[in-house]
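Lettered A, B, C and D in written order, each chain numbered from 1.
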Amino acid sequence: MFELVPLILAFPLAGLLINAAFGRWLDEKRIGIVASGATAAAFVIAVLQMLALSGNHFHAETVLLADWITIGDMHLPWQMRVDTLSVTMMLLVTGVGALIHIYAIGYMHGDPRFARFFVFLNLFVTMMLVLVSGDNYLMLFVGWEGVGLCSYLLIGFWYDKGDDNVGNARAGRKAFVVNRVGDLGFLIAMFLIFGAVGSLQFDDVLHFFEHHGAEVGGLATAVTLLFLVGAAGKSAQIPLFVWLPDAMAGPTPVSALIHAATMVTAGIYMIARSAPIFSLAPVSQMTVALLGAGTAFMAGTIAVAQWDIKRVLAYSTISQLGFMVAAVGLGGYVAGMFHLLTHAFFKALLFLSAGSVIHGVEHGAAASESAARGVAGEDYPSGAHHAHCDAQDMRNMGGLKDRMKLTFWVYLVGAVALAGVFPLAGFWSKDEILADAWHVGMVEGHWHGVAVYILLALAAIFTAFYMTRQIVMVFFGQPRSSAAEHATENPPTMTTPLVILAVLSVLGGALNLPGLHTLRRWLEHTHHFFHGIDFNLSVALSSTVLALAAIWLGVRVYHRRPLENATAPDQLQGVLGSVFNFLHAKWYVDELYAATILRLYEWQARFLAFQVDWDFWHDFVHDRVIAAAFRSVAAALSGPVDKGGIDRFFDGLALLVRAFAVRILRPLQTGYVRNYALGVMLGVIAVLGMMLVN
Amino acid sequence: MIATTYYLALSAILFSIGVVGVLVRRNAIVIFMAIELMLNSANLAFVAYARQFGALDGQILVFFVMTVAAAEVAVGLALIVAIFRSKASIDVDEVNLLRG
Amino acid sequence: MTVEFVLFIALGTIAVFAALGMLLSSNAIYSALFLVVNFAVVAAFYLLLGAPFIAMVQVTVYAGAIMVLFLFVIMLLGAERLRQPTYRLRWQQPLAIVLVLALLGFAGYVVATQVTGAWPGPLENAAGYGSPAAIGQLLFQEYLFPFEATSLLLLTAMVGVVVLTAVDERRRRRRPSKRS
Amino acid sequence: MSNVTGIVIEALIKSALLAFVLATAFAYLTLAERKIAAFMQVRKGPNRVGPWGLLQPAADGIKLLFKEELVPAGADKVLFFLAPILTMVPAMVIMAVVPIGPDVELFGRVVRLGISDLNVGLLYILSVASVAVYGIVLAGWSSANKYSLMGGLRASAQMISYEIALGLAIIGPILLAGTMSLQGIIAAQQHATWYVVWQPVGALVFFLAGLAEVNRAPFDMPEAEQELTAGYFTEYSGMKFSLFFMGEYIKMMAVSAIAATLFFGGYLGPFVEQMPWLGILYFSAKTAAFLFVMIWLRLTLPRLRYDQLMAFGWKVLLPLSLANVVVTATAIVLGG
């Protein structure tokens, strides 16, 4: 059954080719069926791979597709790897992907670039599967870059929208550029590995590090730190997280699929995949853990002060990715993967629900507008973001609980899961991470374990708080705009995936329940480093208490005194003052980058361009020295030498030739054939005569 | 056996007549015929030489000359027809557009 | 010897007079017919020279095809006579004759001084000399490349003729019909 | 020397005999055509002069002999007079290389039944056939008559076109026999079978092209009565007219004879080796059969349109004959 694994790439590829080639002649229904069907078929293949693995005693299997690069002794096959880790990712990508495809059929209804959207989505699925199924770092990198490209394409999907009509395109560019920084780290890491090992195959590399890693000293540390740079770019960690909030410019299904559930987890996957290398480099591990925890904390604080519904979720995503990174940094690979899975469920659910809310509010805006104009409600396409009030601003919402009942309930499920309330999925996975941190800090006695634990616990509190704030602002109280007042529930293509994801969010914790440890046993077959620690009741209890306290606080702050209207200041603003503004401005990170890196870069570029290139090279060297010298020499040559001497000589020559032609040659051209024949005859006689004389 | 010299002399005479035809006649078709006559006299010389030296190569050359002559006549006559279509005449003296 | 010589003199005279007739007749048709006679006589010479194959080809190609084509074109164009005499290039006529006499003089000098004495009498030809088989052997072995080249030449000529004589259909159609 | 004289005398006698036979055969061929036409059209045909109309040709000849010779005013008199002769002569001369029987013994010497046997016999036939067009063309031109000129032009175009197919059709037997001598080809057919078995396409092409060469129906465009009155001999009368007539019929006989020789074994037949004279009989019978087919075709088929005729020659017969040559040559090379 392993030989079926190439199909997992073939199906989405076929879907994208069909839609790319025939999309313009197909209607939305068919395009959607093709794209979703392709992803669903890939999901079936992934399930088959899982069954195949269980039938194979969970032994990893590789499938050779082709020889890819062969240079001298270097062989890089195009080979796919089927082991428990990659199959987990495949299941996640295709399963959640399929649900989001179905959701997108409804969400993107009426968009003029409908087919293109699904082409991009399928391309993304293909690339993501390349990433997770590759058997070497280079294939992983191909997928890595491929998903980066898709991310860019999809963030800028509505490239003509946004600030100044280029805001979305700019967001896409930002994502791309920031990702490149991370990619550079990854690339250099690959060069180092190849230089040391001579191969990029996972088996070779990991085997090398496991057995000879200690001998090469700092190599493992260097490689892992560079890997961390790559992971920080892709998984939006400090300091490269700035692109992810901007990525919310893309359509909401994209945010759900790429920027919450799948692509951003690539960094975690990569670290998990390289676990043997990391285990050799405690410094790197510590860095990873602290970075993740720091990111989790920082993003959590920022999320508290945002008004944009998707932006809150974006920072929440960064925060949760920080949890995962921290987990893998602490050696809790299983916990990290576990949280990756559950997070994929409830964050996809939250994003899709948020999309549903936005969609509903936009419909409401359209309906209220047409009602105002006295026109019967029309079906406004979602792509037309023409609402005069921002449909993503939570201050414009409120009271949607009664208007979008289903969306409310699934959103609530997602939020509670994210907040980590027993017994939903988030509770189990987050607690495992906290337990890992506790274990490292208290049991093993590493100081950074304690730090990580504190930071993560704080982040968890913030998580619960901002989710409560969001729920309250969006769904409770009174509608604060006419759009929210007219908001309506969405069609089943959008809500069905929500329900499925909600169920998964509730039950996702069952994947790795304490005592059963299904996921851990499953993953252990890939690396023996994948171990976990047992359930820690005190940690669980404390985190639950903290979460509930945060929820209570959120309800108290926001529900007791609801926001009066859309322009009223946030309740927290009164309490926290400038701290709130600091948080709302995202710790001024973008500004910091602009002031430091960008300013420096611009100054240097300007210096090079104006001072060095323009003033020195162009104005001085070229214009003064070379050009002037050339000009004076040319003037001397052209004046007396050329005009006076050469020109006059040839003019005279030409006059002579002309006179000769006019006087003598021209009369010979009589135009009579017979005359010419006579000339030929004369020549013949002359030649014969000469031959005879000789 | 007639000496080759006689054939060469005859060939020279025929060739000269052909030359005069080309130089003197104005009718394009007749000029063409004169050229054919010149080719023929050359052929005659070839065959005579071939017999003189007992080598067949001369006859082969005649064969090629005939081929070339056939092609030349076809193209030449087509040209004459084309000229006639535009000038309504085949007088070579009337085709003097190239006068200097 | 004598019979053959008489035959040669008679045929030669006919050939020269036919050539002169071609040169002097004012009617192109007569010119063509005189030329046919000349070609036929040359074919007879070929027979005398032991080249029966060439002789037959001469009659078939020259008399049967080329000259018929000439006649055909003359009749088609109705161009047997030039319409009006022109007085251009009168001076060329005497000059041409002088030049040709010079040419004949050269030729006669060469034939008389250099060829006659230097050569032995013609060889007695071997059996099968000039037969189609012998010519074919030579043509398809030693002269295969020129032979193929001539085939290309003929093809080119054919295409050229078709292009040259084709009436431009578009131009013809553009001309307005008289009836309408 | 006496041997040379004997050969010359023999050749002269044979030539005279051939001329006489051809003239007679022409006379009775016209009668035969009329009789056959009458038979096919269910009428009696000439039956007044002599028994069964056998003297009819003589009567026709005498009538033509005494008719007034008309010459059109604008005609070129020399060529007008020359044209019928130029038509007649090639037709008679062409038979010179056709053997009409095997060698026989007569008056103590071996006599070849046939005037000459050239080693380039077939080329001779082709060259003479190509010259035959002059009479027609000149007749058409010298008559100073538009119809005649049209007929002459048509004739020349037609004959040049079909001559190529004719020549290519002849190549088949040449390749098979390895000689251009007609005697040689007949001898080769003695060992093999008649070449019509090996060269059915060649035989067909030869026959059709031959019909066109002699301007017989359905290829008789140069003399199409409805379009050109009588084509190139519109202006001819009396003996000159009869010369054209004679030329056409003798050419018919020549084509039939050559076809019989090339593809149907010529004089070959049972018991020829024992009784050489039988050969003449076989040869005549085969030739007559072809002549009958020609007459039959004329009475059956309508005339082609001129462009159809040219298209048929260039687009059907020529490719067909070329393909035949290629196939034959390939088969000979492969089959040894």
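By definition in this document, a residue touches a chain if its C-beta (ideal position, glycine included) is under 8 Å from a C-beta of that chain, and two chains touch if they have at least 3 such contacts.
On a predicted model such as this, the values are computed, not experimentally measured, just so you know.
Chain A has the C-alpha centroid lying closest to the overall centroid of all protein C-alpha atoms shown. Chain C and chain D, compared by their mean Cα positions, are separated by 28 Å. Each chain gets a centre from the mean of its Cα atoms; for chain A and chain B, those two points are 85 Å apart. Chain centres here are Cα averages; for chain B and chain D they lie 33 Å apart.
Separation between the centroids of chain B and chain C, computed from CA atoms only, is 5 Å.
Residues of chain C in contact with two or more other chains: 53, 57, 65, 69, 76, 88-89, 92, 96, 99-100, 103. For chain A, the set of residues that touch two or more other chains comprises 672, 674, 678, 681.
Taken residue by residue, chain D touches two or more other chains at no position, since every residue touches fewer. The touch graph of the protein chains shown belongs to none of the named shapes. Pairwise chain contacts present here: A-B, A-C, B-C, C-D [touch as defined]. Those residues of chain D that touch chain C in the complex are listed here as 76, 79, 118-120, 123-124, 126-131, 133-134, 137-138, 140-141, 149, 152-153, 156-157, 159-160, 163, 180.
Residue ranges on chain C touching chain B, taken from their complex, read 1, 4-5, 8, 12, 15-16, 19-20, 22-23, 28, 31-32, 35, 38-39, 42, 45-46, 48-51, 53-54, 57-58, 61-62, 65-66, 69-70, 73-74, 76-77, 79, 82-83, 86, 88-89, 92-93, 96-97, 99-100, 103-104, 107-108, 111, 115-116, 119, 121-123, 125-126, 129-130, 134-135, 138-139, 142-143, 146-147, 150, 153-154, 156-158, 160-161, 164-165.
Taken together, the chain C residues at the contact with chain D in this complex read 29, 33, 36, 52-53, 56-57, 59-60, 63-65, 68-69, 71-72, 75-76, 131-132. Residue ranges of chain C in contact with chain A, taken from their complex: 88-89, 92, 95-96, 99-100, 102-103, 106, 109-110.
Listing the residues of chain A that touch chain B in their complex gives 665-674, 677-678, 681.
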